[in-house]
Amino acid sequence: MNMTLIGTTLAALLTIAVYSFLYKDNPFYKFAEHLVVGVSAGYYLVIYYYNFIDPTVVSPVFRLRIGGDAILLGGVDWWMALIPGLLGLILYARFFPKIGWVSRWALGIYVGGYSGLGIAPVMQARVLDQIRGGALPVHALHTGQGWTNLLLVVGLLGTLTYFFFSLKHKGVLGGLARIGIVFIMVGFGASFGYTVMSRVSLLIGRMNFLLHDWLRIV
Amino acid sequence: MRALLPALSLSVSVLLALFPPAGRAADAPLSEVVRETAAPAAVTGLQARDYLDNNDRGDKIELSWCLSADDGAGALSVLEYRVWRSQAPDEQGELVATLEPGTAAHVDTGVTPGVAYYYRVEAFDGALSSPAATAGPAVGRINLFQTSRLPVLVLSLAFFAMVIWFTRLAARGTNLFVRRIPGLNAVEEAVGRATEMGRPVLYVPGIGEIDDIQTIASLTILSHVAKIAAEYETPLIVPTARSVVMSAAEEVVKEAYAEAGHPDNYNPDNIRYLSDAQFAFAGAVSGIMMRERPAANLYLGAFWAESLLFAETGFETKAIQVAGTANVSQLPFFVTACDYTLLGEELYAASAYLSREPKLLGGLKGSDWMKVITICIIVAGVVLTALGVPQFGRWFFTQ
Amino acid sequence: MRREIPLAITFLAGMFMLVDFFVPHHRVSAAGEELKQWGTIVIAASILLGIGNLIRVHSKKIARRQSGWGFSLVCLSVMAVMLWFGMWPGAKLGPNPLVGSIAQGSYFNWMYLNMDVPLQGTMFSLLAFFIASAAYRAFRLRSPEASLLLISAIVVMLGRVPLGQLLTKGLPEKATLPWLTEAIMTYPNMAAFRGILMGAALGVMAMGLRIILGIERSYLGGEK
Amino acid sequence: MAGFDLRQIDRRVIFTLIFVVVAWPLLRPMRLPMDVTPPVQRLYEAVEAVPPGSIVMLAGDYSPDTMPELQPMVISFVRHAFRRDLKIVTTSLWANSPPLIEDALAPLAAEFGKTYGVDFVNLGYMAGGTVTLLGMGASIPNTFPQDYYGTPVAGLPLMREVTNFDDIALVMNVSSGTPGTREWVQQVQGRYRVRLASGTTAVAAPPFYPYVQSGQLVGLLGGLKGAAEYEMLVDAPGDAVRGMDAQSIVHALIVFFILLGNVAYFAERRAQRARGGAAQREVTA
């Protein structure tokens, strides 16, 4: 028996086990579900170790090298590898009630750092750039472009108004918010329809695997 | 008469030689001679200035120019542009770049910060070079402010000021109005229903890492939900896809149970890490729904393609489902398949809304007024472009 | 103090990264990069927290012979096998080069390709079924808004395949399904999503600021 | 239908039908009528217009993840060219492409009895992107001194007929990103007046339609649908046509379910109103 054939057969059986869930929950699905959790846990553990922990912490701190280059024990690079390693380690302090609170330091750096990191780029890409893209010329109403631009501007203003929390949606505000909802619903419907194709392609892909790669009847 | 003919023909040929008819000038042989002997036209408008990138070492200078008249037009003879750099205005200096035709800008890397440089740019046709355009002196500097990001800074500061202003206002006891958000009232209702049915509540905080603000928003809502669940003594299952989110969720739930006065009811086995892998996680959560039959499923946080797997499996188990995410691509599926959905910003508003803590409401008010400013800017932009002021877009152009 | 130090750390880290965006100086950028790198390592190092939880929950089930304990055994043992194949330290000395390696052709890779990939891919493809059942039960003309959702979904769904082309063949171009699909995707869809994105962006910024300023702190958990 | 409530259709019925309509076209391709769109038709005609014996170039700039969409295009083009007795030279600006092209060439060469080195050559991958394209404008053999197998091009009879783009009757670029069709149009088509056709993923296609309009591309295949249309034109329906069959039917089936659901919904509402019953709790959409 060759490994490829065994592999394909195994993969095919597992594929069928997952599809059996569509009928109802059953032992085959349970088996597949627990198997994939186990395999992916092992996979991530190994990959994280090789890709992050080893090159950035273990190698520099214990083997004194970064990539292929030797570094100095106690040098800047060495400390720069040791500190994040320690930060990672203190996450585990929560298992020791007396020093458990230390684990929040690592969380503080991480959450604080990424919160700060997010703010300005979000302002840039999702507010400024969108203002620029959203303020379209609408004066040329004798052309089709003018009307479609007007549609885009009104839709955008309506949607923004819908998310206005400080006032009840009544009067002009209510009217604009209602336009917003109309646009949101049409947009959602379109996204839904647009996604069908790619999801069906996934199924075709799995089906091709079963019928062609495994059973070879296509 | 006889003498007139030769004179006439002579004068005609002289006239023809002096003023050739239009067709003749474009004759192939003539223009080919011109092409072989004339160098391409020079570039114009050459400028050199310090280049400000986002990792500024002061070692870059930016050049821009207008194309040679023979590039893409005219004699079509430009094969490349040559850029020379020197430290004196009249020196040829060293060749630092040869560029494809059609190029009208170049960033010269590797200059020494603080040193003045002069540049020459020539158009080259394979044999001959155009006269050089010159520019300089230009100096590379290490900058402390990214000027192209000024609009971002201005708007951010305005936003921060409003958030802080409203937060202080709230702290001083001013009553801030926030309209009803239907999906949020449903959260409490859902937990209540699970209690009536004697079945657990399932709370999925998304599959985002804790650096995703949606996850943090979700954890604050979780804290609120856990308090209700603790009071009702209803089991709360929290499956997570990220280790750090799991440990944060443990802390949040444990704390909520303690605050609700039921620390002993906290069951650490209900806060579960399942898998970092997206669909392994989705499969395992579906399994929990099928086997432990939660009566209320709350999906709040960052979700991707697994959203519909959850919502449809949850529907099959007849759970009441409330979802919320700022991942726009998944909203259509939650809206379609769940009972209530928090759209985008409503997820962030939720923690303030649920806790009714004045300090948190400040942030909500701040973003509301920022929305008003944004709407005003867009309207102003529409009006300005209509009035023929094209600069509007440029003011908001950042790098 | 136990509360203040983490909040101070959060504030400093947050402010630094915020300022970093506006300061192009290469040393500031380098420090920002270093901090991001630290974050990555902290997260990578945390994976054992989750794995520990997984092992605890499943071994309890096995020890108590709770229903489905056999599946828990499958989960834990396959994880152990994966680890052994991927990281066995004696591998380089042993006779089998396929163990202790994650390269193409190794047992680790084989398990990944023939178990993890098809299982996850198939679970992903379940969406093709669920998208149909969701459409069936939820797309009802019960309100004007719901009708819009339904109509635009149907138009786009049909406009994307040859069938839609056939259905409206012969009509003027601007009445054909492919054209309508394009129009819906370009206009209402874009306007709505741009609005939602802008609103959500403000939410993110407000939340981020609250975190940095220590107003939002429930994610840090209890006082103890 | 007494006793049968449409609102309560077991979703397993829906699942089964979806399963069947996806599997069936794979087993029994039905070739649903498909309109050929003008860009595809023009591409087909451009290849038809090349005199037999001429040399065409297949430039594959894609990777395995986009194979489902692009491989059927490559297969159809090779089939089309071989059938018309055109000679094929293939090149790649993407490192992953040459083996994928080889996958398409080998079986078709066997089918049409074509000889490597005489009727077709796979020049493999060359780094450099735009620079490589301009190099080919000067000399193709100098830019690709060896083929995919490491054989010097001087040893390949077909390559003796090729100096630069002047000897290539048509270039078919199959691309999924950068460098790809955009670079071919901007650097090669304009400069060397090459007849250029392109096939891209559905996601990447929209910006290239204006090129078809302006004539810079003689034709364009967009996504699985474009591939399917081309398969129909060369009269060799394959993976793309089968996939499109399934797509069309699934989409129609879902629409049918939606309509069915609404019929049931209104029937029930009417019945309820007649009974004067309370409105049922509805889910919010």
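Order of writing sets the labels: A, B, C and D. Residues in every chain begin at 1.
Keep this in mind: a contact is a pair of C-beta atoms (placed from the backbone, for glycine too) under 8 Å apart; a residue touches a chain by one contact, two chains touch by 3 or more.
What you see is a predicted model, and the numbers here were worked out from it, not measured in a lab.
*Asks:* By mean C-alpha coordinates, which chain is most distant from subunit C?
*Replies:* D
*Asks:* Which two chains are joined by the greatest number of C-beta pairs in contact?
*Replies:* A-C
*Asks:* Suppose each chain is reduced to the average of its Cα coordinates; what separation in Å results between subunit A and subunit B?
*Replies:* A distance of 16 Å separates the two centres.
*Asks:* Taking each chain's centre as the mean of its CA atoms, how far is subunit A from subunit D in angstrom?
*Replies:* Distance between chain centres: 29 Å.
*Asks:* Rounded to a whole Å, what is the gap between the Cα centroids of subunit A and subunit C?
*Replies:* Roughly 3 Å separates the two chain centres.
*Asks:* Where the centres are mean C-alpha positions, what is the separation of subunit B from subunit D, in Å?
*Replies:* 31
*Asks:* Send over the residues of subunit D in touch with two or more other chains.
*Replies:* In subunit D, the residues touching two or more other chains are 11, 15, 18-19, 22, 247, 250-251, 254, 283, 285.
*Asks:* Return the residues of subunit C touching two or more other chains; collapse runs of consecutive numbers into ranges.
*Replies:* Residues 21-22, 39, 42-43, 46-51, 54, 68, 116, 119-121, 123-124, 126-129, 131, 133, 135, 137-139, 145-146, 149-150, 153-154, 157, 160-161, 193, 196-200, 202, 204-205, 207-209, 211, 219-221 of subunit C each touch two or more of the other chains.
*Asks:* Using the touch rule from the top of the page, what residues of subunit A touch 2 or more other chains?
*Replies:* In subunit A, residues 18-19, 21-22, 30, 32-33, 36-37, 39-41, 43-44, 91, 107, 110-111, 114-115, 118-120, 123, 127, 134, 153, 156-157, 160, 163, 184-185, 188-189, 191-192, 195-197, 200, 203, 205 touch at least two other chains, as defined above.
*Asks:* Name, in rising order, each residue of subunit D that touches subunit A in their complex.
*Replies:* 12, 15, 18-19, 22-23, 26-27, 68, 224, 239, 243, 246-247, 250-251, 254, 285
*Asks:* Flag every residue of subunit C that touches subunit A in the complex, lowest number first.
*Replies:* Touch residues, subunit C against subunit A: 2, 5-18, 20-22, 34-51, 54, 68, 71-72, 74-83, 86-87, 102, 108, 110-129, 131, 135, 145-146, 148-157, 159-161, 181, 184-202, 204-205, 207-209, 211-212, 219-221, 224.
*Asks:* Would you tell me which residues of subunit A are touching subunit C in their complex?
*Replies:* Touching subunit C: residues 3, 6-8, 10-12, 14-15, 18-19, 21-22, 30-53, 56-57, 80, 83-85, 87-89, 91-92, 97, 100-101, 104-123, 126-127, 130, 133-134, 148, 151-160, 162-163, 180-197, 199-200, 202-203, 205-206, 209 of subunit A.
*Asks:* Can you check the complex and tell me which residues of subunit A touch subunit B?
*Replies:* Against subunit B, subunit A makes touches at 18, 21, 25, 29-30, 32-33, 36-37, 39-41, 43-44, 91, 94, 103, 107, 110-111, 114-115, 118-120, 123-124, 127-129, 131-132, 134-139, 153, 156-157, 160-161, 163-169, 184, 188-189, 191-192, 195.
*Asks:* Which residues of subunit B touch subunit A once you look at their complex with the stated criterion?
*Replies:* Subunit B reaches subunit A through residues 149, 151-153, 155-156, 159, 176-179, 181, 210-211, 213, 216, 244, 247-248, 251, 274-277, 279-280, 283-284, 286-287, 290-291, 329, 331-333, 335-336, 343-346, 349, 364-365, 368-369, 371-372, 374-375, 377-382, 385-386, 392-393, 396-398.
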